[in-house]
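Take a look at the structure below.
Chain lettering (A, B and C) follows the sequence in which the chains are written, and residue indices restart at 1 in each chain.
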């Protein structure tokens, strides 16, 4: 609100009336659209009992629950690995040795440009043939690690130069300066961006379906594909349910990010939006 | 095994590459339009529009793109919307990327100095004039950095369309694997194509940065 | 302290989900009109010199790769949790002769793209799931079979009389699985290009039921299953235009195991189990059982 109010005057009576009319019109239009969506779906028999039937059975529910747990398991492992990798690559990109810098830069640029789907599929086909879990996790860790490295690096660069200089003046070695002075401050200031990228990591676990890792989406597709109803397969109910679960999970993570941001807001808190 | 680019596979690769380019370019265009519109909604004086913008952005930013593809490819036809799979892919990608564009723009709008908008208003400009002629052009400069990462992500994300019946590069990778070619060989070429694409996007943004820097 | 609170919050969310999962048991297989055969488990089964067999024995169970999304063929019932279908029956027959009772079998869902890798990696002991025997694959894995000769065919809405064979797809919209050989084959008959492709056939069948594609094409065995599942709405055209000999996928170079599996197939084909299994599964589509092929591998 504080940002937006700059763009227009405090509305007078006429503007108020105009905004009200606009609001009502837009609202009516949106409600109409929602109603249309609902009616069309209902007409296509998407809300019949048969469509939602699979979800009331224990086996299906357990499948969704295990899918959720498998999603969280892949996410947690990939998140930890990507943060470690991100820290290492960030340190490498700030190294004093040119070869190290070049190699780390190349790694970061390469994995940032590669589609995860392609990475995961290639990893599974070549190195992790026996374990879709590790194929997915390593793919996620490589890509997100590269992005986290950029976030951490910009965080380190944003720490006032005096901090590093003071640490060096105390006789600390470069590793010590990095590990005890710069990185902790960088991580703190970049925490919202880091968690923002973790949300991306969480969402991307859904790509595990290409290598049959039994995460949420895979389970959802399986349930939909094995339930023939008189009106086709329940892809819409499944999408609604699985989508809602993902949105809830991501919002929880985002809420965590906001909360941390609120607690640690001090000085210039730079924020880089996570890459899509 | 054997050589990869035999039996017309080179044509498949070329077509896949062009599809990826086309898909990314179209989606980028629509995402930019949609994102700008959503950003305008989110800072507008009409509460309904603000709420709509917020709900849209929060929904689409927090849904995995794959789930969104499912919703579009299997949901829209039941709403009476029938397109080919390429169009569906453009819709899904633009809706998703648009919400990221919106967030980038909105934070950009917030960085434009208050005085600029105040000056515009004191000249008698309306909300839309203030936004499009004064604030957004200035915001564009500050958002170039974050915007470039959104658009570098776009060709990458477009790979998901390959799982939904668009014959782009991921689809090429799958077909070649199914035909039994070595995965390293396939990956090498596909990776090369994506590196080229992301380099191109990065170059475009570097060019824009220099252009806008001159204008300042 | 704070992290603990976060963890507590996360745990309570999980607990809630767990509590919510208290659904009812599904009615067990009411639509299986014809009774499935049962197989006598050999108690003294032994395969000399087979690494695969020894490992399975040590493990105490057999791990079999299968499909999960092909009704009446390789299917996992998400209401009951049971595995059903013709391929599953074939897998069980072999298991019985190897000395593994149904409760000593673990089915693992492996899709087409990952079959070779999971066999080579030893993730599964053998694979039964519309696995066509061909020379490219024989370089990486070995086969026992064929146990069924499938052929590419078309699945269409029941009232579509204009589909008589592959030539009828000219100018029509056809759907198949991503990157599969069925796509290449059907493209020779000039359908609308590009051919619609998804990673599961159920997605194609859904598009067929909503009239967005005119035909689904792949092996007739798979199509028969979908026709049986959507009884009264879909039919298989019945004019195959390729030859897909299905085999049981095995790790390469375990010839002892291969011989044992082939012997098991032969035994159950001869004693009538094969036919019974077909009638209780794919036969429900109305298509008569094809001839049992002679084993070549």
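Criterion: a contact is a pair of C-beta atoms (placed from the backbone, for glycine too) under 8 Å apart; a residue touches a chain by one contact, two chains touch by 3 or more.
Here the structure is a predicted model, which means the values were calculated and not measured.
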item	value
Innermost chain by mean C-alpha position	A
Chain pair, A-C or A-B, that carries the greater number of C-beta contacts	A-B
Chain whose mean Cα position lies farthest from chain A	C
Centre-to-centre distance between chain C and chain B (centres being mean Cα positions), rounded to whole Å	38
Mean-CA-position distance for chain C and chain A (Å)	35
Averaged-CA centre spacing for the pair chain B and chain A, given as whole angstrom	16
Residues of chain B engaged with two or more neighbouring chains	74, 78, 162-163, 174, 177
Sequence positions of chain A contacting 2 or more other chains	44, 125, 209-210, 221, 235
Junction residues of chain C, two or more chains touched	113, 199, 203, 206, 210
Complex interface listing, chain C residues touching chain A	6, 10, 13, 17-18, 20-26, 68-69, 71, 75-81, 109-111, 113-114, 117-118, 120-123, 199-203, 205-206, 209-210, 226, 229-230
Touch list for chain B against partner chain A, complex	42-50, 52, 58-59, 61-68, 70-71, 74-75, 78-80, 96-97, 100, 103-104, 106-107, 109-110, 114, 117-118, 121, 127, 130-131, 135, 145-146, 149-150, 152-160, 162-163, 169-170, 173-174, 177, 183-184, 186-187, 190-191, 194-195, 197-199
Contacting residues of chain A [partner chain C, same complex]	44, 54-65, 68, 124-125, 129-130, 132, 209-212, 214, 221-228, 231-233, 235, 252, 256
Chain A to chain B touching residues, read off their complex	3-4, 6-9, 11, 15, 19, 22-24, 26-27, 30, 36-37, 40-41, 44, 46, 110, 112-118, 121-122, 125-126, 199, 203-207, 209-210, 217, 221, 235-236, 238-239, 242-243, 246-247, 250-251, 254, 271-273, 275-276
In the complex with chain C, residue positions of chain B that touch it	74, 77-78, 82, 85, 162-165, 167, 171, 174-175, 177-178, 180
